[in-house]
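In what follows, structures are represented as structure tokens.
Shared chain: chain A. Partners: chain B in the first complex, chain C in the second.
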Partner chain A sequence: MTSTAAGFAAAGRRRRKLASYAVLLTALVVLGVTYAVLAPRGHAASTAEESFAVQKGRELFQTSCATCHGINAQGTQEAPSLIGVGAAAVDFQVSSGRMPLARPGPQADRKEAKYDRAQIDQMAAYVASLAPGPQIPQVDLADGDLQLGGNLFRTNCASCHNFAGSGGALTYGKYAPRLTPATPVQVAEAIRTGPENMPVFGPSTFDDHQVNSIVKYVDYVTRSKNPGGLALGKFGPVPEGLVIAVVGIPALLAMTLWIGARA
Partner chain B sequence: MTTMTGKAIGGGARYVDERLTSANFIRRSMNKVFPDHWSFMIGEIALYSFIILLLTGVYLMLFFDATAREVIYNGSYMPLKGVPMSEAYSSTLHISFDVRGGLIMRQIHHWAALLFVSSIVVHMMRVFFTGAFRKPREINWLIGVGLMVLGLLEGFAGYSLPDDLLSGTGLRIAYSVGQSVPVVGTWSTFLLFGGNFPGESIIGRLYVVHILLVPGILLALITAHMMILWYQKHTQFRGPGRTEENVVGSRMYPSYAAKGGGFFFLVFGVVAALGGLAQINPVWMYGPFNPSQVSAGAQPDWYIGFLEGSLRLSPGWEIRAFGHTIPLNILIPGVVLPGIMFGLLALYPFLEAAFTKDKAQHHLLDRPRDKPVRTSLGVMSLTFYFVLWIMGANDIAAHLFRISLNLTTYMGQVALFLLPPLMYAITYRICIGLQRSDHEVLVHGVETGTIHRLPSGEYIEVHAPVQESQLVLSPVEPDHPERIEGERGPRALVSAAGRAVGSFFVAKKKDTSVPADQRERDDDTLTKR
Partner chain C sequence: MSTHDSAGGESLTGNTSASAPGDTGRPANPPSAKSPTGPEDVGPRADKRSERLVATCFGVSSLAAIAFLVVFWALPKTDVAYTPLLGVCLAVSLFGVGVGAILWAKKIMPDEEAVQERHPMYSTPEDAAKTAAVFAEGTEKTGFARRRLLRYSFLGAMGTLALPIVPIISDLGVHPRGNARQLKTSPWKKGDRLTTEEGAPVRIGDLEYGGILTVFPNGNTSPSNSLAPTVLIRLRAGENQPRPGRETWEVDGHVAYSAICTHAGCPAKLYEQQTHHMLCPCHQSTFLVTEHCRPIFGPAARPLPQLPLALDNEGFFVAGAAYQEPLGPSFWERS
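Our next item is the complex of A and B:
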């Protein structure tokens, strides 16, 4: 390996390391906040902090979510109750831009997030204060096992999301989305909270090591380089057939015309 | 120097000739005339991709191990390291990641396979729409249908070899289609798979089918196809100097040899470019076959897609008879329908001859517009096939275009019965319209582009009359000449001024200017076809 290549590789490793530190750090902060929220009463400082976060969260909630979810998140005709969905569901839905829902449809689409990190944490704290529910998972990619993750992914996720997480159609206009834009934490949250038409995979199905493994595999398969060239959307044989029909055959027919005209 | 080489070659040639008396044959072969029209080169794409398949396939054979025995993968693809899998899958990963040039060979092999079947289909379309299958060429048509079916089989067998998740899903579907056949189905699939699906034997058996049995038959049939072609000679489009008794074009040597040889490299170039630039069948992402796993959007290669589509479109019918359940929802779309489709395809030349009571020999081709019924039937059948094909990928279409999956199935069911007759009617109108515009040219001459203004202020374009020498008369479907008003000449010979205005992608060519007898001709065809 040349020194530049080694340098690049090292830089890549450093970047990945940094990324995992960042993830770890976020997870810790989030954990701190949730802990603060859920910690037993009587701790003067944390109660003050908690009530501040919950307070802010309630305000935010009441301005932008309550029209659909009800003034106390108890649910309305339009939207389900959020009591007991936990911080993980709120973080997933809001950080992936699905909530606040723009317009009703078969399914909420992923969008640019409308709130910043602090606001999302406050809303999550508020919803978590209503009743216990899944907390925002801590993702530890280093703990993940790529081979185990691949196998679990193919058994539990590929039937909806396709072998490489490229997504797929479900019935009646619903769909399992492409997983490329999801962050590792969002992947873990989706696994734990099962948004909409996705099943919930709780702690009795997957332990944390298994979740870390799946997240690691999703990260790998959606971001890895393609040794064979253009990936054609990673949809398997359909785009391959299309390439032959719109590139291969037309190119060769054009050549026959060219040769034929020269005869 | 040159004379010495010349002498050496001459001596060698004499040596061979004195023993095999082949000079006459070789001279005739070298002087054989091939038509110049571009559409005659499509069959060559199929031939050349077959050669590419043989070459790359032999390279893959050196490293591929078609056994179902379980091994622990220990190659360089990280996400599968230490995972148990079949030897077949493991050796495919080995070819892809650890054999020098292995991945590009696999990719060229696979792209060439897709091109092989596609070019057979396009070749068949040109033979169909120009009427080249008519007497005396029905046998070669039948061989062609055989080649296509074997091509599908060969591709399916090859696609199944790596024993990955997608191909295993395909094999399972094939297994259940086989089982849906009443009486013999269960036993014959049991025999083929050596037990229940998936079993240990199928990969090894498919390997024999894929590298020996089907390629052997393909090679034999291709040889027969070419020998019959050589013996019967090419068809040709109508044109000045072209008759039922001759072939106008370039000689085998040197023109055609140069053309064909050059074209081989163009085909190879296109396939190699695809193999080097576009990833195909990334089996490492699919994972090893595991009966409890399935991926969304699991599709077969495109040429099996129509079967996938017909299975997806069929409603869930089943009947119970004699204590057995007959799954009509698999039997009809998976066995009966393709049987009818290929059956009709094979029988078409005989059906057309019977319905039109045409027993004559034909060496001159029809332009599609001049046979509106045949052309419309062809477009109708292609539409039917196309709907099935698209429906084989309806989930991906639904996902990419954000339409409901259920809606696509419903639309497909309607389209399958509605679109083909509609396309028949549209094609028919287009053919008649084109005939009319030919007739227009014949009666009023060719547009010159010169505009005159009349004293009354009206503008007219000057039309030059068609020269007799430029005129190509095509017989038109005898049933419908009355649709074209203002006939000139006998009713069965409605005129088409094809070459006069340039047609079918060919600009006015030298054909029209060079007197017929100065063109190269296949001399022995002048006396006897």
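Our next item is the complex of A and C:
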């Protein structure tokens, strides 16, 4: 009697053990199937795509950039290392035509971009694959606050780039460029990466909303019309005074002399 | 005989223009030089023509003034042509009135040269004598020449009256010795948080390498605190070469310097993160940030003052001490 009871109890324990195995197995199968269905396929595809871009980017890099930046982008005496500069720096430099450099000098000048969008993206993917760095920023002008952007621009940018983004001279032949030809994305990239001698303003210095605001202000101030007539480069009182002294006052003098001679 | 003599005398002087006494010396306009049109501008028809010309000028002026109003109301103020058009309309309007007035005077009014004789500038001998007599009488009556005590005390009083000007002049600026405390006191106190213009305190890690921020003491950006702006810069490890005795003034590569140029007080904030030049836009004074902001070019003679940095227990940047030297442009008693 007791033995049969014990037998039943042992069988129940075994059954419960089997059931827990079955549950565990089912859970594992479900998890595995879900993972197999959802995760790896997309991942595999994007990795392949990415590695293709990285590969094409490396080829482009080795034909056009490696002479100065080194075969592994480690930098040489002529040019800085590109490890860790991120996609944003590559996109800024190449899309604004500053790189490849036309000739060595105090500063790279903006010119026509030498590569198309796909090639720039490939180079950016290659450099970004070397080490983590700033991504190409997503600029949303609608998110920007024009007034905040103006305040931030005048405090942090206008000392070099002028209050209207007209640029200005720096030391030893370097200069802060005019912002009129820069696209909103390029302005944001310059803020984030600090090209050449420009200081860097990272995400903890300016958040994305603040960068959007600055970009919105730059877009506004460089594309606004000139209700006063000639803008004279928007450099403020210096060219304006020069025009008054060289054109305006002599014109008045000539008129006065003419009236005096005719009287 | 006498006729011959006078003729010879005239030819000897060589004076061919035969100026009459009282002539202004200016050659009279020959009548034919008055206008290139010559006799055409006399007569009733020419007069009518001139009248129409002047009236046309005034009419153009009126039209331009009306055009000004039209532009003012009809054109949107944001239009590129708005301000230039207003200017052109106003200029044409004023110019029309001016040209009309000149033409009126030249074409319609009779052209006659009028000479106004100046009256003699000197006083009559009687007046001169009378004035001299008044002076002599005054000298005599006051005894200015005789009474030495009065004369010297009067001159002395006039001299000492000039003395109060001296302290007034010295009060025009800050007195170099007595009242110079305001030049030498720092707007930063020990423990002041470094805040952005919006008042947000700056934490360690907020700046990237090569980053710069303009900071103020505890959010005080008031204009009366105009010497307070300071720049916080993050250098890469090992780049900073501090002045001896200031090795502890940096925090993890972060350094802080006054943004006010030591030459003329402009904000010198044009920072180049690769060359570490800090440029003042007013007179091109250049400071080297990695070498305690010593001047390397331009008229500034002193380094930018350095603010000792520290961290509070929440990780925010604070002033480790006040500025140790006077901020802003140089002055003669600055040490």
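Operating definition for what follows: the second predicted complex is superposed on the first by the 221 of 263 C-alpha atoms of A that agree within 3 Å, B and C clash if a C-alpha of one lies under 4 Å from a C-alpha of the other, contacts with A are read in each partner's own complex, and residues count from 1 in each chain.
Throughout what follows, a residue touches a chain if its C-beta (ideal position, glycine included) is under 8 Å from a C-beta of that chain, and two chains touch if they have at least 3 such contacts.
A quick note: this is a predicted structure, and the numbers were derived from the prediction, not measured.
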### Query
Clash or fit: how do chain B and chain C relate after the overlay on chain A?
clash
### Query
Is chain A touched at more residues by chain B or by chain C?
B
### Touching partner for A:Gln147 - first (chain B), second (chain C), both, neither
first
#### Entry: Which superposed partner A:Gly97 touches (first chain B, second chain C, both, neither)
neither
### Task
Determine, under the contact definition given at the top, whether A:Ile259 touches first (chain B), second (chain C), both, or neither.
both
### Query
Thinking of the overlay built on chain A, is A:Thr155 touched by chain B (first), by chain C (second), by both, or by neither?
both
### Message
Going by the contact rule set out at the top, does A:Gly194 touch chain B (first), chain C (second), both, or neither?
### Response
second
### Query
So, does A:Leu170 touch the first partner chain B, the second partner chain C, both, or neither?
both
### Message
So in the superposed three-chain picture, is A:Asn226 touching just chain B, just chain C, both, or none of them (first/second/both/neither)?
### Response
both
### Message
One more residue to check, A:Gly202. First (chain B), second (chain C), both or neither?
### Response
second
### Message
Per the contact definition in the header, classify A:Gly236: touching chain B only (first), chain C only (second), both, or neither.
### Response
first
### Message
With both structures aligned on chain A, tell me which stretch of chain C collides with chain B: 39-47, 165-173 or 183-191.
### Response
165-173
### Task
Show which residues of chain A both chain B and chain C reach, each in its own complex.
151, 155, 159-160, 168, 170-172, 176, 226-229, 259
### Residue numbers on chain A that touch chain B, as the complex places them
106, 146-147, 149-151, 154-155, 158-164, 166-173, 175-176, 217, 220-221, 226-232, 234-238, 240-245, 247-249, 251-253, 255-257, 259-261, 263
### Message
Show me the residue ranges of chain A that touch chain C in the complex, using the header's touch definition.
### Response
151, 155-156, 159-160, 168, 170-172, 174, 176, 194, 196-202, 204-205, 225-229, 259, 262
### Task
Note which residues of chain B are touching chain A in the complex, please.
36-39, 41-42, 45, 78-83, 96-97, 103, 107, 110-111, 114-115, 118-119, 122, 165-166, 249-250, 255, 259, 262-263, 266-267, 270-271, 274, 276-282, 285-287, 290, 292-303, 305, 393, 395-396, 398-399, 402-407, 505-507
### Task
Would you mind writing out the residues of chain C in touch with chain A in their complex?
77-80, 82-84, 87, 102, 106, 197-198, 203, 205-214, 233, 267, 269-275, 277, 279, 281, 284, 286, 297
